[in-house]
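Presented below are the structures under discussion, each in the form of structure tokens.
After this come two complexes, each holding chain A, first together with chain B and then together with chain C.
Up next is the complex of A and B:
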């Protein structure tokens, strides 16, 4: 099967209090906590999507990274965009899992909440992005120890070569504890300047 | 193109520790659900199905474990061992491992759990299973809510098609924990009665505990009689709501359409649908709408949740295995708990276990995050 015809069209990262798109920094904010930083990013990027504030930390991160990337694509939202979403991370939804566990740990202060529990699944952030961009497309969430370019490469090729999707929004969205967050997303399709190879994925991730 | 097959299989559950014993119990309309009234677990009484601990321990200890394993790891390893042994496949670098789970060892987060909290990382679960058997490749962990089990089958097929692997072992499972029960209970989704999928008098979900394992392979030798071909698959999003099923069944419809297109099979060639049927009003209604839109309303259909409850990350896989045995046995199994149609569109719920020639079946599942998966299987001959 030929895997040579696909390209990385664009890429985005949110880490170390910086948001960058295709290698250029769009926004940085040195001094604040994750919560403050992500809110500042939302404002700076002029997102205007009130549902954002109900999301958990992981969904906020994934949502903003996807928004920065997809906004830049100037998609025609009148017609359908068959963009699959393939995400991965190491901590799954553990940040929210810990919050739910805290709410049930003591019988004396027992307060489980559906608004928290719904986010105890990593793929909820895929749902949030799908809703915003009306993506009725293939989607899956994988868990790996570390960023796994091999897997993302194989799975994107599979979806594109079997015509399950026209493009793949792909990458790593991690939120573990307060200072441990990182999003790196990229868009794969048959257009672009950077060849879709494992090496190029790894290089972009590490820059 | 070579056929991709789903072959050797095992189920560890309240209804037995082999697929055959589980299917025999289903044939006899025996449910594995039991009533639990224990305030230490949940303030309200509920129904569930549990893997019997003493039997699990006995089976697991026969594998000579060298250290301590969590309950979920014991279930998955015991189940996967049977599949590896019967497949006689050498675990070389052409063999992949997929773990399907929604919450993994989430009970390790509990302060009273003897395992370190780090055990709750899903890659840790993958490592434990990988190392126990000595797989050469790292586990691919799929955690995509309640479609994980059936999505894992689609992913295995895609990896084989891409030429990365020749064989992929899948093991799937979730354990009954206070974590999960309290969460579903906060949604007021749990039933204090045995669940009644698609029924007018349904009262909600039962969560159950299962581990299920299969081999997906391009190898045509040493296959069990229940082996089926995986013809096509799709996994599409509702783009509608993060916890509520779509009112139009859009994502499920698109998943099925994608699977049909790839398989070359037409809706009127489907002999049986193994549906999701959680026994919540919105889920059952959504499925009925989607099946009608796909013109599948006359195809015999069941939900197996009345036998095991909803086994989360394992449900799609355990239900696929029962579907494979349905084809082998040419038998449509009763959708336990169903009496009177309780959805607004017509669907053909199986009221009585019936012998019928079967060739092709469709498995579907839907879950939180708006995810849906459909896979079409056909008899291998």
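Up next is the complex of A and C:
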């Protein structure tokens, strides 16, 4: 199968207090803080997954963006799904890394939180999504200075053409302090209406 | 002891991010793990840190936690006997 046979089946964006799916706004909220916004989004999307509240900020963002996409896929979460995950960002898990660092800063008050520490890697958010949707396939989390459509395109095509996965959930999920959050995730497979090209990925990301 | 139990419930809800749960939702003899509140292994570690930070109790053997963290009643009894602050 050549590269041109793959398609962007659906895409989701969460930024500027808005959640959109395939270009249409699903939810918007005037909450000033990210924490209030993401909680309002969770309730609006009727997610019902208590572990969400234990996640760090990056995982909450990635989890909800993935949830918006995957709940329309009607996956059987009782069996394994061969969907790979390829994520990227620039801040890695820096927001949580800082929280952990603060908790070990003072030797007189040295109480690192295990619940914070377990999120001091960016790819933990991939695990959260994989657990919920039973995604048993390849996964990678890349760190770039900026959104890198080139790399995501090439890597996804490689996974699909080598039959490593039936579909790829990929994109950019970034959280670095309250006012800097953005998720842009999309599903690539051999079905869909938008051709999987670097240009289309870039266009959708910038929408 | 009742004040301590109330305090424990509030701390557990806050520290373990038990959203949409209030102290009234936790009975003193509810199982904290398993079929009760459904806490997990990371929560158990958080409770060990909480014992140290809030009550000056250092658990050197994590296996001790199984009996101590069985319920609010068992936690309160252990803290009352061993607290250093």
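Please note the rule applied: the second predicted complex is superposed on the first by the 200 of 207 C-alpha atoms of A that agree within 3 Å, B and C clash if a C-alpha of one lies under 4 Å from a C-alpha of the other, contacts with A are read in each partner's own complex, and residues count from 1 in each chain.
The rule is simple: contacts are C-beta pairs under 8 Å (C-beta built on N, C-alpha and C of every residue); 3 or more make two chains touch, one makes a residue touch a chain.
Predicted, not measured: the structure shown is a model, and the values here were computed from it.
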item: Fit or clash between chain C and chain B when superposed on chain A; value: fit
item: Which superposed partner A:35 touches (first chain B, second chain C, both, neither); value: neither
item: First, second, both or neither for A:25, with chain B first and chain C second; value: neither
item: Partner chain(s) touched by A:126 [first = chain B, second = chain C, both, neither]; value: first
item: Chain B versus chain C as contact partner of A:53, first or second or both or neither; value: second
item: First (chain B), second (chain C), both or neither touched by A:118; value: both
item: Angle, in degrees and to the nearest 10, that opens at chain A between the C-alpha centres of chain B and chain C; value: 80
item: Of chain B and chain C, the chain that contacts the larger number of chain A residues; value: B
item: Chain B and chain C, minimum CA distance [Å, superposed model]; value: 7
item: Residues on chain A lying within both footprints (that of chain B and that of chain C); value: 112-114, 118
item: Chain C partner contacts - residues on chain A that touch it in the complex; value: 50, 52-54, 111-115, 118
item: Of chain C, residues touching chain A in the complex; value: 16-19, 38, 42-43, 45-46, 49, 52-53
item: Chain B residues within the chain A interface of the complex; value: 43, 102-104, 106, 109-111, 120-123, 126-127, 138, 140-145, 151, 155, 158-159, 161-164, 178-179, 182-187, 234-243, 250-251, 254, 258, 262, 367-371
item: Residue ranges of chain A touching chain B (in the complex, touch as defined); value: 1, 85, 90-92, 94, 97-98, 100-101, 103-105, 110, 112-114, 117-118, 120-124, 126-128, 130-131, 133-145, 151, 154-155, 157-159, 162, 164
